[in-house]
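Here the chain labels run A, B, C and D in written order, and each chain numbers its own residues starting at 1.
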Amino acid sequence: MIPLLQAQAPATSFWSEAFNSSELWTKLIITLVVGLVVMVGLLYAPIRARKPIIAFFTFISGAYWVLLYLWPKPIDRQPGEMPLNTVETVSFWLADSNNVVVSFTQILTGFLLGLGIFSLLKIHLTKITKGHKDAFFSIVLLVSMGLMIWFGYADWFDRLGERGAMLDNRDNWGFTQYGRDFLFEGLLQQMDAAMFSVIAFYILSAAYRAFRVRSVEATILLSAALLVLLSLMGAVSFVWDENVKSIANGNPFILNFQLTEVAQWIRNTFQTSSIRGIQFGVGLGALAMGLRLWLSLEKPGSGS
Amino acid sequence: MPLSQVYIGDQYRDTGWFGVFMTLLVAAFVLLNIRRARGGKDLYIRRIAGLNAIDEAIGRATEMGKPVLMVPGLSDTINAIAVQAVNIFAYVSRIAARFANPILLCCYNAAVYTYAQETIRDVYQSEGVADRYDPDSVRFVSDRQFAFAAGVSGLILREQTAATFFLGEFYAESLIFAETANSIGAIQVASSTETTQTPFFIAACDYVLIGDEFYAASAYLTRQPVLVGSLVGQDWSKLMIILMIILGTLLNTVQIQGKTTWERTKGVWSQIPERSVKQSDTFMSQLFKPQLEKVKVERPIDPNYVPEKGAGE
Amino acid sequence: MNYDLLRITAGVIATIGLYSVLWKENKFYRFFEHVFLGLAAGWTMVALWTETLKANWWDKMVGTPAETGSVATNGMYAYALLIPFGLMGYFVFSKKHNWISRIPIGIILGLWSGQQVQVWWNTYGPQIDATLKPILPTTWDSLIVPSTNGLTPEQLSQVQSQIYFSQAVNNFLFTITVVSVLSYFLFSFEVKNKAVKGINTMGRYLLMIGFGAIFGSTVMMRFTLLIDRMHFIWIEWLRDGVFPFLSGR
Amino acid sequence: MKGNLGEKLQSLPKPILYLILILATSIPLFFPTEVPNEPVESTKDFYATLMALPEGSKVLLMSDWTGSTRGESKGAFRSIFKILIRRKAKVAIYSAADPQAPRVAQDAINELNMERKRKNLPTFDRWNDWVNIGYFPNAEAAINGIANDLKGAFGGRKDFPPNSPPRDVFQSPVLQGVTKVEDFPLMLVITASKTSNFAVERVSGRTPLAFAVTGVMVPETQVFYQSKQIVGYCGGLKGVYDLEQLMESGVNFPDKATGKIKSDKLGTIEGFPDPDNKGQGTRYYPTLHYALALMIIMIILGNVGMFLAKRGDKS
């Protein structure tokens, strides 16, 4: 613990003000107001200005990353160093604002979440008010949602205080903790696991129905799958491999026919490569679409 | 140290420029072809089986008067994949709108929900049947993977959808959707940009778009110059990659046969006793893996900078 | 009935409830489906603040006070701008101004697209490089990699530096697979040439081997998760929970 | 459904399939058996890496699993912590895949501690032995930040010292003097999602990486292992089972001759026989065989049915 560290407060800049300082709050409120004014201003934007406005915002936000990629990065930059020239001034700025920009997407998506919840509420409240035959289930949904929110936050607030760490020990739990634990561990996590494991049933029925030696393709798919399946059964592959080893007694060629080896071979030679082949295409698709979106070349809903 | 390097920028040093160059090249291919297409040059796209199925699926749903269910994937936030999916769904709902066929679009993410809500409404308006549009037909279900899966399969079973479209980013839940829809005999068109899920769609769905057939879709369906052009651009880039792989492989094969007396470490060549060429010595791998030599750059120190110490040191 | 048994019982009932859909869609399933959706939405609301906005937005916007040993961090007020931009999304329901909702979407998409340009090569460059494998052996001493156990480090590195016939063949297959699969996804060329057609079909077949392998390797995990559920129901709940309870231990 | 045997074989009703699967995955659970098994190299290396940690070393752990994959990940998580506790390691935990993950990890450790309490073993205490740094959205960016500027990335995150309000994580004994990712002799990743790829992209070469991944991810992880980007990994249920066996009997332990598990590559690595080692792996792995066997049988049945049916048509 070094007192020095406590004493010294970080230097403020145009963009940042000290914690809880009046400057911070004034600037904060001003920014907020400006933002809201802009928003209100948009309500009066003429129709032909709309597309350009959207395009503008899209372009600006994309431009940051593109610039970060293309603009010469500073070489051997040490903390506390100052830029040598204008080129570096820009590159320093780009590098420093990185961890700010990174979180924008999550934050904006976070703000938009309200819309999703709104959609949920709307659908289920209408069901309830209209006395839809499933109204009861809508009530169930809203109630469990309310409970989770309540206990979730209550528990979170409890843990902010002195008792934070103690609450890891169940002896110190209160009603809130039990509630949160019941909903989160007892129900949510279990249902997650349950729904995921349902796939096991579907995988069986799908394989049973679809894996037939009808066409060349189906046959190839089927045999590759069967081989890998066998190799996954530790006992089977163990016995198989032991036999191979005994036959081979050291002959490296025959050793290649161990089940595990064969399966590994299929994976390394064909699975990895085919995935790679597909991914190259997908990657290019994403990049091209990215360009189209960034430059607003594509008109929204252009599927129509 | 060579001063010349200081102002080049870290990412361009040694062979670093190559990556940037390639990216720009692809971008150029795409933009150039978009231009060509806009210039009225008509460009060819081959037939993509899965996509002809779309019309058939909607037709079937209309006959039965049952809803069409669409899921634009489980992207964490709105991205090109989700947008692409919604764009295809715009095409679907346009036909649905004409025949007054009910639709259901289930979103995993609020941002995607916002986009879809807006896009689909536009579709109905532009078809002049805005009154047929029910805002609740585009809905946010949940943004927890398996809650979403439970909710959607519940919907599929209750609404007895006649046609289902799963296009976008799908993960483990892909099979839950596919099998549930299959169990009620719905006709299914599916595609996942997650290659590892494609086999399950293949096993359970009627029509599957593999890999970037998904990205080709909107171009194929609408023949919009911009999209078609961009698709051609992508093909050029693919050809380029194919060539690079073939030539590079041959080059490596030849090189690795020989011997070398030079070795390059941290971007500096040095004489070494003769040894056989390693993969890392080959021209291609040098081109792909820039080796940056350590460069010292003197800069003035910010006066009011306090060196950060490890806490508690 | 102690809390643990209560909790685990609830979990079991919920699990069975969700499983019941395998038989057919029924009220029991519908109930737990809605509980599930409700809890999930609720948790999302909680996590939104406690896991995302608090640390990534609020603390950065207003800064944090100095504590024993830790420095105070400054507030970056510019973060406040995100509020109005977030609000713009809510215009989506307005008949007249719904276009405004495209602005936050546009920003998110812009950021995403820009990142694609930035990461494309970082992701695929190394993969292309990794595909360039020599397809001719450098030695004919042995057709396959000799067994390596009991070799001195020098001999080992000697063996590893060589490319044997078998490896060369595998590399060749690998490269062929990548190329043919990739060429299968060319859309804007009319393929008349027999050879190219052949490559495309081969691409499709090789793809199927890959898919088969993926299917196989996925099955293990899916079954494990089911086994975990079964263990949860039969062992954790029935054998170790209910029976002791009934037998009044 | 009418028709000959072939058609019947081809079209068993789904509920029956499901019932058989339930039986196949339930009954064996009641009869624990030992299956012959040879731990794979990757898991041996994984175990060796953990056991090679000097006592009290600091480990960075990215925990990216939640309840949905508990069948695999929880087993791995518990085994790994049993080993880490033995090595008296200090663990810094963070998550980048799912907001639930930090909570799940925390609850899993508490569960372990409760068991240890019952056995009157010293508990693995928060703040002193491990800190929960929390969730970082946008995995790729987060891991990038941690690799390049650990101080900045973890800065301002708080955790709970015993009986006091939350404090800056860098105050905890776990992160004493840690300023960059290289300060950790090992980074562990327990994940059910892509985040492992990001870890490889950003961290490999900076500090040793070891993964515990789900079965689906084994193929992609194997690639990293072969290219030596990660020192070892524990893949799927098989990995967990291997790990539990390794804990029980070590490698070449007590010596190469008598050791249950041998390895040419590795020296002698001690095991610590203890009934407590047997976890999910030992419990589930035998059962997995029945499930997989059932799958294979069903596929074969379907095809046999098809052939019979075809013949039926011809005649």
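In this section, a contact is a pair of C-beta atoms (placed from the backbone, for glycine too) under 8 Å apart; a residue touches a chain by one contact, two chains touch by 3 or more.
Predicted model only: the values in this text are computed from it and were never measured.
By count of C-beta pairs in contact, A-D exceeds the other of the chain pairs B-D and A-D. Comparing the CA-atom centres of all chains against that of chain B, the greatest distance is found for D. Here the chain at the heart of the shown protein, by mean C-alpha position, is C. Averaged C-alpha coordinates put the centre of chain B at 30 Å from the centre of chain D. We define each chain's centre as the mean of its Cα atoms; on that basis chain A and chain D are separated by 21 Å. Computed from the mean C-alpha positions, the centre of chain C lies at a distance of 16 Å from the centre of chain D.
Counting only residues that touch two or more partner chains, chain C has 18, 21-22, 30, 32-33, 36-37, 39-41, 43-44, 52, 56, 64, 68-70, 73, 89, 92, 99, 102, 104, 108-109, 112-113, 116-117, 120, 122, 128, 131, 175, 178-179, 182, 185, 207, 211-215, 217-220, 222-223, 225-226, 228-229.
Under the contact definition stated at the top, the residues of chain D that touch 2 or more other chains are 14, 18, 21, 25, 68-71, 100, 137, 168, 170-171, 216, 219, 238, 288, 291-292, 295.
Residue positions of chain A touching 2 or more other chains, listed in rising order: 1-2, 5, 8, 69, 103, 105-106, 108-109, 112-115, 117, 120, 181, 184-185, 188, 190-193, 195-201, 203, 205, 207, 209, 211, 221-222, 225-226, 229, 232, 267-268, 271-272, 275, 278-281, 286-287, 289-291, 293, 300.
For chain D in complex with chain C, the residues that touch the partner chain are 14-15, 18, 21-22, 25-26, 29-30, 68-72, 99-100, 102, 134-135, 137, 140, 155-157, 167-168, 170-171, 201, 214-216, 218-219, 227, 236-238, 264, 280, 283-284, 287-288, 291-292, 295. Taken in their complex, chain C has these residues touching chain B: 18, 21, 24-25, 29-30, 32-33, 36-37, 39-41, 43-44, 69-70, 89, 92-93, 98-99, 101-102, 104-105, 108-109, 112-113, 116-117, 120-122, 125-126, 128-129, 131-136, 138, 161, 163, 175, 178-179, 182-183, 185-191, 207, 211-212, 214-215, 218, 222.
Chain B meets chain C in the complex at residues 19-20, 22-23, 26-27, 43-46, 48, 77-80, 83, 111, 114-115, 117-118, 121, 135, 141-144, 146-148, 150-151, 153-154, 157-158, 172, 180, 195-196, 198-200, 202-203, 210-213, 216, 220, 231-232, 235, 238-239, 241-242, 244-246, 248-249, 251-253, 256-257, 276, 278-279, 282, 284-285, 288-289, 311-312.
Per the touch definition, chain D reaches chain A in the complex via residues 12, 14, 17-18, 21, 25, 35-38, 40, 66-71, 100, 103-104, 106-107, 110, 113-114, 126-127, 137-138, 141, 145, 149, 152-153, 160-166, 219-220, 222-223, 226, 238, 241, 285, 288-289, 291-296, 298-299, 301-303, 306.
Within the complex, the chain C residues that touch chain D are 22-23, 43, 47, 51-52, 55-56, 59, 64, 67-70, 73, 119, 122, 130, 149-150, 213-214, 217-221, 223-231, 233-235, 239.
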